[in-house]
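The letters A, B, C and D name the chains in turn, as written, and every chain counts its residues from 1.
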Amino acid sequence: MELGLVGLGRMGGNMRERLRRAGHTVVGYDRNPGVSDVGSLKELVERLSAPRAIWVMVPAGDPTRATVQELADLLDDGDLVIDGGNSRFTDDRQHADILAAQGVGYVDCGVSGGIWGLEVGYGLMAGGAKEHVERLMPIFDALRPEGPRDEGFVHAGGVGAGHYAKMVHNGIEYGLMQAYGEGYELLAASGIVDDIHGTLKAWSRGTVVRSWLLDLLVRALEQDPSLAEIEGYVEDSGEGRWTVEEAIRNSVPAPVITAALFARFESRQDDSPAMKAVAALRNQFGGHAVKAAGPTSGAGDTRT
Amino acid sequence: MELGLVGLGRMGGNMRERLRRAGHTVVGYDRNPGVSDVGSLKELVERLSAPRAIWVMVPAGDPTRATVQELADLLDDGDLVIDGGNSRFTDDRQHADILAAQGVGYVDCGVSGGIWGLEVGYGLMAGGAKEHVERLMPIFDALRPEGPRDEGFVHAGGVGAGHYAKMVHNGIEYGLMQAYGEGYELLAASGIVDDIHGTLKAWSRGTVVRSWLLDLLVRALEQDPSLAEIEGYVEDSGEGRWTVEEAIRNSVPAPVITAALFARFESRQDDSPAMKAVAALRNQFGGHAVKAAGPTSGAGDTRT
Amino acid sequence: MELGLVGLGRMGGNMRERLRRAGHTVVGYDRNPGVSDVGSLKELVERLSAPRAIWVMVPAGDPTRATVQELADLLDDGDLVIDGGNSRFTDDRQHADILAAQGVGYVDCGVSGGIWGLEVGYGLMAGGAKEHVERLMPIFDALRPEGPRDEGFVHAGGVGAGHYAKMVHNGIEYGLMQAYGEGYELLAASGIVDDIHGTLKAWSRGTVVRSWLLDLLVRALEQDPSLAEIEGYVEDSGEGRWTVEEAIRNSVPAPVITAALFARFESRQDDSPAMKAVAALRNQFGGHAVKAAGPTSGAGDTRT
Amino acid sequence: MELGLVGLGRMGGNMRERLRRAGHTVVGYDRNPGVSDVGSLKELVERLSAPRAIWVMVPAGDPTRATVQELADLLDDGDLVIDGGNSRFTDDRQHADILAAQGVGYVDCGVSGGIWGLEVGYGLMAGGAKEHVERLMPIFDALRPEGPRDEGFVHAGGVGAGHYAKMVHNGIEYGLMQAYGEGYELLAASGIVDDIHGTLKAWSRGTVVRSWLLDLLVRALEQDPSLAEIEGYVEDSGEGRWTVEEAIRNSVPAPVITAALFARFESRQDDSPAMKAVAALRNQFGGHAVKAAGPTSGAGDTRT
């Protein structure tokens, strides 16, 4: 079928390619003319036959909001917009309402797979009305991995459910990554296991912890056996934060996901104000040495 | 080759079967005569030709210690004992010394795979001397999953390294399971995603969180869609605790693995003394209602 | 000076009393005619001479919002409203704007002290314009504990700063309470310390952990030595949640405050969906027994 | 009464002074002749009249063990040794047995108070036999703060109970300090509260979070308003670790105390191997930029 695709970055560009390989007609638009098929959103809309379907794959927040608003003005009754970006699920209701006012349908779709999706396919979680999701099934089937449809695609619920599912997916992802990270660090610190890379690789089959993330960690250690070239500095995108916020809103204890999020915050701090305060307190009550500058020892008497 | 196997429970029994299917001669001993091939450890030893190899697969702690001690008395110079149970890595040095005094070699081997190992194979992590590990390779090759050897087996290091690797494996496992558990609970609590089972199943391929544990969770939800028949009561074996103890001994922050361990402790408490104290404090400073018995509301004024 | 006081519950009633003892003229309004000095907000406003000051002490959220809106309609240029309730700091800007449109000033004030405030005084954190805060100093001085003003009162910053400070205060409070609770539980669980109440009481002077909360815990144990009459069920008001949300918004790691919040969530769960999922997983991979109903053992083989 | 005191460091030196001020005769021994009253342990023992009482105040572990062993050889039936250092409670049974073989009694005593103890007094938690503890009451009464005895001293239980109580005290202390630290960091990060020092000081009276640690934090901020001269690098002594180990041994969830301990571990890491692994994973699946050296941005696309 015919699809408009807005945003041709790392994700959008690969998705255009995967869809074309599957025989679909994709007209892509990006602000970068070097990758764009058309010169403007307006031109994109004109190039598609009604009823149109346009997939938005731009950064969450203002860029997605602006694109949806612009499309609302350009599209007609019966057209369909899909937000495949990492929008917060609370944005979806607003986007749907803006478009509905013009008779345009809306589907939100969580997309997982990263740079591997072009070859392996993308895990998809869609939210929206049944008729809208059904219309897009040829696209979903082309993007998702081969094999049974329900192992790579779900119609998770109404508008917002797709992004909600993706948000939770990413929250879980934070926890999984941190669990492997902690285990790796302990293996490295203890000095008891000589072959750390080999140990992780031996977990690839048969063990309880086998997973795609484990395979990727083995791969990373093949390339850099002690991760010497990588700093332990980890960004977070929105989904981890939103997952914890949602956990709180729903009174759901989420200690693992939250610990993984906080570990990322810590990884980006040069010095911790909280630990300055703790060091100051120890100095106040126990006369314990505090460190003024470089990493000298400063152990001191620890009796309190 | 020929192998003695002590302990024919859920794990040992399946391992005997898998080894026999691979053409090895296994003489098994268990206190339960219904499954045992011989009537005593002594008879087991007599049935094997020197140099013997005997795999111990009994509960960690006293049972393993007693078995090792008894074998030390029965075996001869050049024989070999493998502890495939879930012993603490600190036991291995003692076991090795006891056996070495009789000229008997020792290998510790972490085994992962659970009830699936019979068909899929077991992930194996061995610790010990090179010549001992090499002698056992036919056994390891039969037990591990098919495919490249290094994806299912590792000689992790000296005596104790196998159990250490398995301990960390299980610590990671705790973290992974808890991450999925938290995500599942949030999906269930929010009411935004209608098809929770379908959502988890759609993560099976292509997504970042795909794993064997995810597949098992999907399977569990197929059998019991809201897990209504299962109580949220979770035992822990030793490895999770030992992992946290080792993290502390090595000054390694392990917030995710530890949170997963504590969640299990909490799952087994009918009432929490800590939270009794917190409730008592709120009552003391704010006059907040406390609950004396059944689950009534007791919200009260929360101003403090 | 003259003060209108809206809300005469546990907090507001005591504050009226403390202010009157200090010689101020307080006209109180409450929907409960049994405690109210006047029959309506309108009558309250009429009873005060301009420029008026009216302290709002009603539950956060809709009740406070409605009161502020009603007061905006009743008050005149030069009057002043103080929100002393537990509003989220983000509400303050809105309240200030609503009132400013009528020429009415606004101060937010975090109030701590609970049921002890009547006798001991209340810790106060004010946010707003300098001239507004200064006009209210006689009231603040009457409400705060005796002693140096800066040990019981702060003008923390602009509109919202008072509630922000109170929010963080309560977040810290959650962490402190949980720390004592965990320590208490460990003492009780270990069986090594015979005199738990005496131990906590012995910390009252001289030790690093001495605090008012510790004194209250000692008091609670005097009344109920094993806290047998209290269920470990703990509500949370908004501030703990908001503190964690703010920590996330500011990329501040807050593991202790968050753990304390989650412990409260857990304390209110009859069964944990997350732990159901974990139990289901253990059953799937290891054939570990799951608990179907009452608290039977269900340990099973833990080898994985 | 007469007391021998071994170890005249920061704690022991002040304790000698406080005991002398109270009229007791203290003979102190330290390896540092500049502060020691005698030239050897042997001389110390000779200087005291039987039945002797000797208080050991040296670092936990080997130094304490060696001192106890040496005293066992020097002392006589009816003498008494007190370990006031920060020994692990599991050492106490061994020390008691070594001494009991010579007819010498043993009391363990947790001591809190830091450098303030000289003036304010020390919080004391004693473990041992009733008759031994009673013999030492004049010493305990001189060391503890003025006021009711039970607010500064407890006979917590048998041998080991004193150090156990002190261990839990320190575990709680870790949690309290971290709670204040996190609150401080949030106030500093948000930029909404202008007067952070003033806010903490205003909590000194009347609020729920008032405590001695809060007073010390206010004091530290008076000396260094943004803690600019202190690095967020925090040592830990043994008690925090032992508390978590004991929590695990007793299946007691201790998320707050453990988070506080891990925060200290993190504070001492230049780079985190766990976060290197997480960064490597993000790079593997999403092509996210990793940081190779200095703190450049490296945000990149976060879509996964």
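Basically, a contact is a pair of C-beta atoms (placed from the backbone, for glycine too) under 8 Å apart; a residue touches a chain by one contact, two chains touch by 3 or more.
Just so you know, these numbers come straight off a predicted model, no measurement behind them.
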Subject >> Contact-richer chain pair [A-D vs A-C] >> reply: A-D
Subject >> Shared interface numbering between subunit C and subunit B [over half = same, under half = different] >> reply: same
Original post:
Farthest from subunit C in C-alpha centre terms, which chain would that be?
Top reply: B
Original post:
What is the distance, in whole Å, between the centres of subunit A and subunit C, each centre taken as the mean of its C-alpha atoms?
Top reply: 36
Subject >> Distance between chain centroids, defined by C-alpha means - subunit A, subunit D (Å) >> reply: 44
Subject >> Sites on subunit C at which at least two other chains make contact >> reply: 112-114, 170, 173, 178, 180, 182, 185, 189, 208, 212-213, 251-255, 259, 262-263, 266, 272, 274, 285, 304
Original post:
subunit B touches which residues of subunit C in the complex?
Top reply: 9-11, 85-86, 111-116, 170, 173, 177-178, 180-182, 184-185, 188-189, 212-213, 216-217, 219-221, 224, 227, 229-238, 255, 263-264, 266-267, 270-288, 290-293, 295, 298-304
Original post:
So in the complex, which bits of subunit A are touching subunit C?
Top reply: 208, 241, 244-245, 248-249, 251-255, 258-259, 261-263, 265-266, 268-269, 272, 274, 285, 304
**OP:** Write out the stretch or stretches of subunit D touching subunit C in their complex.
**Re:** 89, 112-114, 117, 120-125, 144-145, 147, 150-158, 160-161, 164-165, 168-176, 178-180, 182-183, 185-187, 189-190, 192-195, 198-199, 201-214, 243, 246-247, 250-257, 259-260, 262-263
